[in-house]
Amino acid sequence: MKYLDEFRDGQLAQGLAAHIRQAVAPNRHYALMEFCGGHTHAICRYGIEDLLPDTIRLIHGPGCPVCVLPSGRLQAAIELVERERLILCSYGDLLRVPGAHGDTLLKAKARGADIRMVYSISDALEIARAHPERSVVFFAIGFETTTPPTAVVIRQAQQEGLRNFSVYCNHVLTPPALRALLAAGGEVDGFIGPAHVSTIIGSQPYEFVARDHQRPLVIAGFEPLDMLRAIAMLIRQINAGEAIVENEYTRAVSAAGNRKAQGLMEEMFRVRPTFEWRGLGWLPDSALAIRPEFAEWDAEQRFEMPPIQAADHKACACGEVLRGVKHPQDCTVFGTACTPEHPLGSCMVSAEGACAAYYHYGRFRQAAAS
Amino acid sequence: MKYLDEFRDGQLAQGLAAHIRQAVAPNRHYALMEFCGGHTHAICRYGIEDLLPDTIRLIHGPGCPVCVLPSGRLQAAIELVERERLILCSYGDLLRVPGAHGDTLLKAKARGADIRMVYSISDALEIARAHPERSVVFFAIGFETTTPPTAVVIRQAQQEGLRNFSVYCNHVLTPPALRALLAAGGEVDGFIGPAHVSTIIGSQPYEFVARDHQRPLVIAGFEPLDMLRAIAMLIRQINAGEAIVENEYTRAVSAAGNRKAQGLMEEMFRVRPTFEWRGLGWLPDSALAIRPEFAEWDAEQRFEMPPIQAADHKACACGEVLRGVKHPQDCTVFGTACTPEHPLGSCMVSAEGACAAYYHYGRFRQAAAS
Amino acid sequence: MCLAIPAQVIEILEYDQAIVDMGGVRKPISTALLEEVAVGDYVIVHVGYALNRLDPDEAAETLRLFAEMAEVIGNEISR
Amino acid sequence: MCLAIPAQVIEILEYDQAIVDMGGVRKPISTALLEEVAVGDYVIVHVGYALNRLDPDEAAETLRLFAEMAEVIGNEISR
Amino acid sequence: MSRRDLFPRRLDIAHGCIEMTHGGGGRAMAQLIEELFLTAFDNEWLRTQDDCAQFAIPASRLVMATDSHVVSPLFFPGGDIGCLSVHGTINDVAMAGARPLYLAASFILEEGFPLADLKRIVESMAQAARQAGVAIVTGDTKVVERGKGDGVFITTTGIGIVAAGVTISASRAQPGDAILLSGAIGEHGMAVLSQRENLSFDTPIQSDTAALHELVAAMVTAVPDIHCLRDPTRGGLATALNEIAQQAGVGMRLQEAAIPLREPVRALGEFLGLDPLYIANEGKLLAICPAAAADKLLAAMRDHPLGQEAAIIGQVVADDHHFVEMKTVFGGSRLVDWLSGEQLPRIC
Amino acid sequence: MSRRDLFPRRLDIAHGCIEMTHGGGGRAMAQLIEELFLTAFDNEWLRTQDDCAQFAIPASRLVMATDSHVVSPLFFPGGDIGCLSVHGTINDVAMAGARPLYLAASFILEEGFPLADLKRIVESMAQAARQAGVAIVTGDTKVVERGKGDGVFITTTGIGIVAAGVTISASRAQPGDAILLSGAIGEHGMAVLSQRENLSFDTPIQSDTAALHELVAAMVTAVPDIHCLRDPTRGGLATALNEIAQQAGVGMRLQEAAIPLREPVRALGEFLGLDPLYIANEGKLLAICPAAAADKLLAAMRDHPLGQEAAIIGQVVADDHHFVEMKTVFGGSRLVDWLSGEQLPRIC
C-alpha cells in the first residue's frame, strides 16, 4: 500500500530508534503528549514504546472525539430516537459509548430503536432520500477532520430541499482543547500535533502553543515512522531549549490547510460559546453548532433535546486519563470492573481511547510488570 | 360438546338414512340443492352421500361468500394494501383466493404487504387502536351472518372517533342469489336453506321460493343429522307435491330472526343497486354498502379503489359449479391444473367451496368410479 | 357458509361482552347482537359474536324427532 | 483521531465524485472539499471524503529524511 | 488466567438482552456460551470447548435426524421451544427404532432477546435432555439483527443407534398391516394456537411434547418386526399417514371412532374451523406392524405411560391411488387428504 | 398414485417465492422438498423420505459438529451461504482430524424468499457436498413470516470418523509447540463486508470458503501427532488463538511478518479501521504440533492446494495469563487480544 507501507518499515524503525536513543540527554526525562487518539492507537498497536528509551514517557491526550463526547449528549440521542421513532444514523465508533447508567446506542438498537451504522454521512443522506416518510437524524461527531463532510452534506440537503434529514451536531475544535490542557498546567515537555485535523486547519493554529506556552509541537502523521521522527524532532527542540511548531507530516499538511474546507465550515457552522467535554469540563469556544440559516437541518433546533445531566461512573478516571494526568492502568477499575465488554468510561470503548488501546494491545506489559 | 355431538350420532344417522330410503318413491329422482357451502362441507366431510339412496342427487349452491367474491374486488384489495402501505386485516378464508392472474393476498403478504389474519373484526379494530400511526382496513366479506358484527364494529369506531380504521365492504345477501338461481331455471326439486344466515334474517325471507317458484325449502342446521332430517322433510314435500318453507333448525332459527341484528344492519348499510358475484354475474339488490353517514369508515369512499376487471381462468367452471349446473368433478381441470395448492378458481380454495370439499374429502369416489 | 358453534355463557362481562365455554374451551365474545343474555344460556357463536340464543327445548324436540324417525324405520329394518 | 488513508484517484466522476484505489480496493468518494483533483493524484480519504491532496515530493523527502536519520545512526551503531 | 480475569463481570441475566456482540465470535460470545450454555448443559464433551464433540461408537447402524424449531409463542402450555427442540429430534431418531445418544444444538438469537428468557429455554432443554438420558455435546450460537429473527430459533441434530434385527422405515408399510396410534391427537398444535395473539382462548390444552424413545424401546422389544414408526408432527396425523402411504405405495383405511381425541381439542377445532387430524403432535407416534402382532404391540404401548391411550386406528390396504380413507363416526366415508397449505382459522 | 398425480403442476421456480404453506407440513412442503432439495442432493438416504437417515458405521471414534449460517448478503464474491454451510461444518468435523461422512441440513426460510435464489443456494450446497465426497442425508425445512427471518438460515450438522492414533483437541497445545497457519487471512470476512449495503467497495477479494478435510487428511498422514487444529472463522485468527490458549492454559508468541495476508484485505482493513487478525476465514486452518514436527507438517501443508501459502507463524509458550503476543512488523510488541464486540467499521 503506497504511502503506508514505507512509513511502517521495521528496518528504518530500528535506525530511527537508535537515532532517538543517541539523541536523548543522559539523566533527563522527556514527557511528550500526543494529542490524538490516532497516535495513541498507533503507539500501542505497533509497540512503539518498545523502541524508545525509558526516559521518554508518552502521555495520551484528549484527541478522541468519541472519548470526549459527554454522556448527557449521547443519552439525548438515545432518548430522541426512542421518543420520535426516527432513524438515527451513526458512525460505528459511537455504538458502544456509555450514556446514562451504562445505556448505549447498541442497547437501544437491541431494544428496537432504528439505529443504523453508516460509513459516511453521505450514506445517511441516502437513507433519508430512500425513506421520505421517515425522519432521519445523523449523529455527527468529530474534530475538524470530520466536520467538512458534514457541512457538504447539510448544504446538499438544503439544495435538494430534503426536509426529513437533520444533523445532531457534536463537532468539536482541537486548538481550544489544547489551550485548556496547557492552561491547566502539567508537566508536558512537548506535543505531537494532530495529523488529519491539520490537513484541514493547517499548522498555523498551533502557533500559540509555542508562542504563549513555550512548548514545542510537531505535527506528525499517524504512521509509526512519522511518530518516531516527530519524537526525534521534539527531543531536538527540548534539548536545544527551543519551542517552535514544526511539521513532520508535510506530505499532507501545509501551514494554511485546506481553505475550501475551512470556507465550508465557516458557512455552515458558528462557534458555540461553551461546550462540555467529557473529562475536560466546559470549554469556551470549543465546539460548533449549525447556523440558524440551516436550522431546518439541525436536530437540536427541530426536536426537543433537553440537556441531560448524566453522571459518569464514580470509579471512572476518564477525566484524568483524557487530561494526561493518569495513565489508563492507574485507574482502579481498569481491566476489572471496566473492560471493553462492560466499559465504565468512553476511553475503554473507542478504538482510539487510551484505555482501550492499552487493554487490547498493552495489557501484557502490566502483567509482566506485576 | 353439547348441541354438537348429539347431532352427529352415527346410530341415529343409520335410522334417518333408513327412513329416507323408505320414503323415496321408486323410479323417481330427487335433485336437492343445498344453498350453503357449510352444508356442502358437511356432506363431504361426514360422507352423507354414502347414506343416501342413489336417486337423491345433492346439488351444491353458491352459498360461500368467499367463492362468490369476484376476483376484481379481491385484486382491488391487493392493490390497495400495496399502494397505500396500510395494514389489511382479513379472515383466514380469503388469503388463498385467486385475484387477477392467480395473485393472492398470501402472495402479496409474501411480497411484503402488511396483511394480517384475524379471527374477528374486533381484532382488526384492536390493531387500529394499537397502531394509531397506520391506516387499518378490514376486508369484510360474508352473508347476513357475518354482516352484523361488521356493523357493530363500525359503530364502535365512530363512537371512539377512530379515524385510522375503515372497512372494505363485500357483504352480500342470500335471498337475491336464491332468486337469481331460480330465475335461471334449472332442475332443482327442493332447497336446503341456510342455517346461520337464518339465525339473523329468520325463515320469512325465503317465502318467495315456495310462493313464486313452487319449490319446497327446508332451513337446516349444519350438523349431519339436521341435514338428513331436512332431506327427509324435502322428500316428504316433493312426494306430496307441496312447496312450503319449513324450518328444521328451530333451536336457533325463528320466523322473524334476530331483530336487533337486523336493526344494526339497517342503520349501517344500504343495499347496492347491483353487485357482481363470481359465477352468477351482476345481481340486483344483492349486496350491501356502508351508508354515506359512515363514509369515513368506508375504505371504498376513503381510498381510490377503481374497479378492476380480472378475467377468471378460461378453463375454470366455477360459474357453473356455483349455479349448480356442473358438479366439481365435471370441470376439466379439477384435480389436474386446479388443485388446492394451485387453485384456478375460488371454489377450490374456500373450505366450503364445492371443488375443495370434493377434492379433500371425496376424490376417492371419482377414483373408484373411473 | 358461516362457521358457528353453540357455546354456553358462563360469565357476563361489561360492555356487551361475555365468556362462553364449549368443551372446556373458553373465550370472551361479544353479545352486542343480543337483546339480553344470561349465564347458562347457550348461544350460537360466529367470528366472536353471539348471533342468537339456542333454544334448549327446541333442541330437545329436534332430537326427539330424530329418534322418532329413526326408531320407526329402525324397527322396520330390524324387523 | 480521524482514520484516514492515502489513495490514488483513478477516475473522475460527475458531481464532485471520484473513484480511488488503494491496494486494489476501489471506492467512489467525494472530492467536494478539494479545489481540483486529477487522475493519478493521491488524496487523504476520511469517511468517504478526500480531505487533501498528498504531495509525492514531500513524501519522498520525508522518506529520504527517515533514511538519513536512520543511516547516520545505523552506521554509528554498526561501527 | 482465571475465568475471573477473562470475564470479570458476570452476565446480567436478569436485565440483559442479546446484543450483536454475543454472536460476534469474541469474548462476549465466549462468556455467553460459558455462563449460559455450558452451565446448563454441562458435560465432558462441551467442556472441551472444541468446535466438535468426539465419542466412541461400536459398530452399528447409526441414525441421524435434524429439525429446526421456530415455534411462536416460545412458551406455551405444557412446554417451550427448549424442551420441544430436544424432544422433536429425539423422536425423529427414535422413529427408526433407535436409541438416541447425542444431540447437537444450534441457536439463532435475535438482537434484543431477553437473556432471562434464553436462560429459561436453555434450562428447559437441559432438563429435557437429562430426563431423556441424552447429552447435548456440541453447539453453535448466532445472533441476527432485530427484525431478522424471531426471538430464538433452535436447530437440533441427533444421532442414535439401531439394535440389530430392527429395520423400520415408511417404505415397509404393506397391505394388511395394522395402524396404531399412541394417544390423543392435536394437543401440541392447539396448545400453541390457543396462545397466539388475536386468538384469546382459555383452554386446558397442554402440549403433549415428550420424548418417545423409551416407548419405542418397549415397542421394539415387544415386536421387533415393527415396519414403520412416525411422529405425526407438522401436518398432523393426516399428513403423516399420507406421507407413509405415498412412500410405501399403499393405501390406508381408518376408523374415525378409534382415533383418540380429547374434548377441548375437538372444541377448539370447532371454534376455529380446524380439523384435529391436521394439527401437530409432539409426543405421539404412529406405528405400522403386521396385523398378527398388532395386539401385542398395542399391549406394549398401553403399558408405557406415553402410550396408555394407544389404539388400533385402521389398516394398510392395497390402493394404487395411495388414498387414506376414513369411515366417519357418522357412518359415511371420507378421504383424509394431505394438508393443503397451512391450517388457518376460518369463518366459513 | 404417480408423482404427476400428487404434484400435478411443477413448482414455478423462476417466478415463485416461499409462502407460509411451504413450511406447513402439507403437500406444498412435500413438493418443495421433492422438486428442490431431493433433486439437488439426491442420494439413497434422502430418497427414503424418512425423518432420519440410517447408515452403517464401523466401531470408531465419531465426531459431531454443528453450525448455523446466517450470512448477509447470501451471495458474495467466491461463494454463497449454500457452499459455506457445507464447508463450515465439514471443517469443524475435520478439525478433530476426522474424515467427514454425512451432513444433515436444516433450512429456515423467510416468507417471500425467491425460489430461484433458493435453488441457486441448494445447488451450491449440493455441488460443495459432492466435491467434498460428503452426502447430505437428512434435513428439515421451516418457513417463518416475512420480517421474522432474513431470506434463509441454514444449519448443518456433520459427523465423521477419526482414525486410530489421532487425538486432536485444543487442550493439547503445549509450550514449545509450533503454530502453523494454512494461508492468507481475512478473505471471507472482507469479501462479505465489501458487499454490505452502504459499503460500496469494489475489491478483488474472494471468500476463501473451502472444505479443508483433505488438507487435514494429508497433514494427519504426515504428522499423526498434531496436537490441535482449528479453523479461525468468526473472530478471526486472533480469537481462535486466544480460545486455544485459554483452553490449553498456555500463551502464544506470534511473528506478524510471518502471517500471510494479501494486499486488498490489508487495504480494506485500512479503509474501514478493521484489523485482519479479527476477520473471519472459511478456508483456513491453524495447526499446533510439536516443534520437531513443524517443518514436516509445513511441507505437507504446502503440498496441498489449500495450504500452498502455509507458514509457521509462532510458538506456544508457558504463560499464566494465556496471552497471545505478537512481534510487529515494525519491531515492537503488542497483545493480540480476543475480539471485543463486533468488528464495526470506524472513523477513528
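For clarity, chains are labelled A, B, C, D, E and F in written order, and residue numbers in each chain start from 1.
Throughout what follows, a contact is a pair of C-beta atoms (placed from the backbone, for glycine too) under 8 Å apart; a residue touches a chain by one contact, two chains touch by 3 or more.
These numbers were taken from a predicted model, which means no experiment stands behind them.
Visitor: In this assembly, which chains make contact with chain A and also with chain F?
Guide: Touches both chain A and chain F: D, E.
Visitor: Is it true that over half of the residue numbers where chain E touches chain F are used by both copies, so same, or is it different?
Guide: Mostly the same residues form this interface, as more than half of the numbers used are common to both chains.
Visitor: What are the two chains with the top count of C-beta contact pairs?
Guide: After tallying contacts for each pair, the winner is E-F.
Visitor: Centre to centre, using CA atoms, which chain is the farthest one from chain B?
Guide: If we average the C-alpha coordinates per chain, D ends up farthest from chain B.
Visitor: Using each chain's Cα centroid, which is most distant from the centroid of chain F?
Guide: Between chain F and every other chain, the largest centroid distance is to C.
Visitor: Rotation angle, chain A onto chain B: superpose the C-alpha atoms of these two copies and give the value as a multiple of 5 degrees.
Guide: It works out to 180 degrees.
Visitor: Between chain A and chain E, tell me the centre distance in angstrom, where each centre is the average of that chain's C-alpha atoms.
Guide: Those two chain centres are 55 Å apart.
Visitor: Using mean CA coordinates as chain centres, what's the gap between chain B and chain D in Å?
Guide: Roughly 75 Å separates the two chain centres.
Visitor: Go ahead and note the Å separation of the Cα centroids belonging to chain D and chain E.
Guide: Chain D and chain E have C-alpha centres separated by 61 Å.
Visitor: Listing for chain C: what residues touch at least two other chains?
Guide: 1-3, 5, 22-23, 46-47
Visitor: Among all residues of chain B, which ones touch two or more of the remaining chains?
Guide: Those would be 1, 4, 9, 14, 37-38, 64-66, 91, 119, 123, 142, 146, 339-341, 352.
Visitor: Could you list which residues of chain F touch at least two other chains?
Guide: 20-21, 27-28, 263, 266-267, 270, 273, 321, 323, 340-341, 346-348
Visitor: Each pair of chains that touch: what are they?
Guide: After working through each pair, the chains in contact turn out to be A-D, A-E, A-F, B-C, B-E, B-F, C-E, D-F, E-F.
Visitor: Mind listing the chain C positions that touch chain B in their complex?
Guide: Residue list for chain C touching chain B: 1-6, 8, 22-23, 30, 32-35, 42, 44, 46-49, 51-52, 54-56, 58-59, 61-63, 65-67, 69-74, 76-77.
Visitor: Under the stated contact criterion, what part of chain A meets chain F in this complex?
Guide: 1, 4, 8-10, 13-14, 17, 37-38, 44-51, 64-66, 91-93, 95-96, 116-119, 123, 126, 142, 146, 224, 339-341, 350-352, 359-364, 367
Visitor: Any idea which chain E residues touch chain C in the complex?
Guide: Touch residues, chain E against chain C: 194, 200-205, 263-264, 266-268, 270-271, 273, 346-348.
Visitor: In the complex formed with chain E, which residues of chain C make contact?
Guide: Going by the criterion above, the answer is residues 1-3, 5, 19, 22-28, 45-47.
Visitor: Using the touch definition up top, name the residues of chain E that touch chain B in the complex.
Guide: 198-199, 257, 263, 266-267, 270, 272-273, 321, 323, 325, 327-335, 337, 340-341, 344-348
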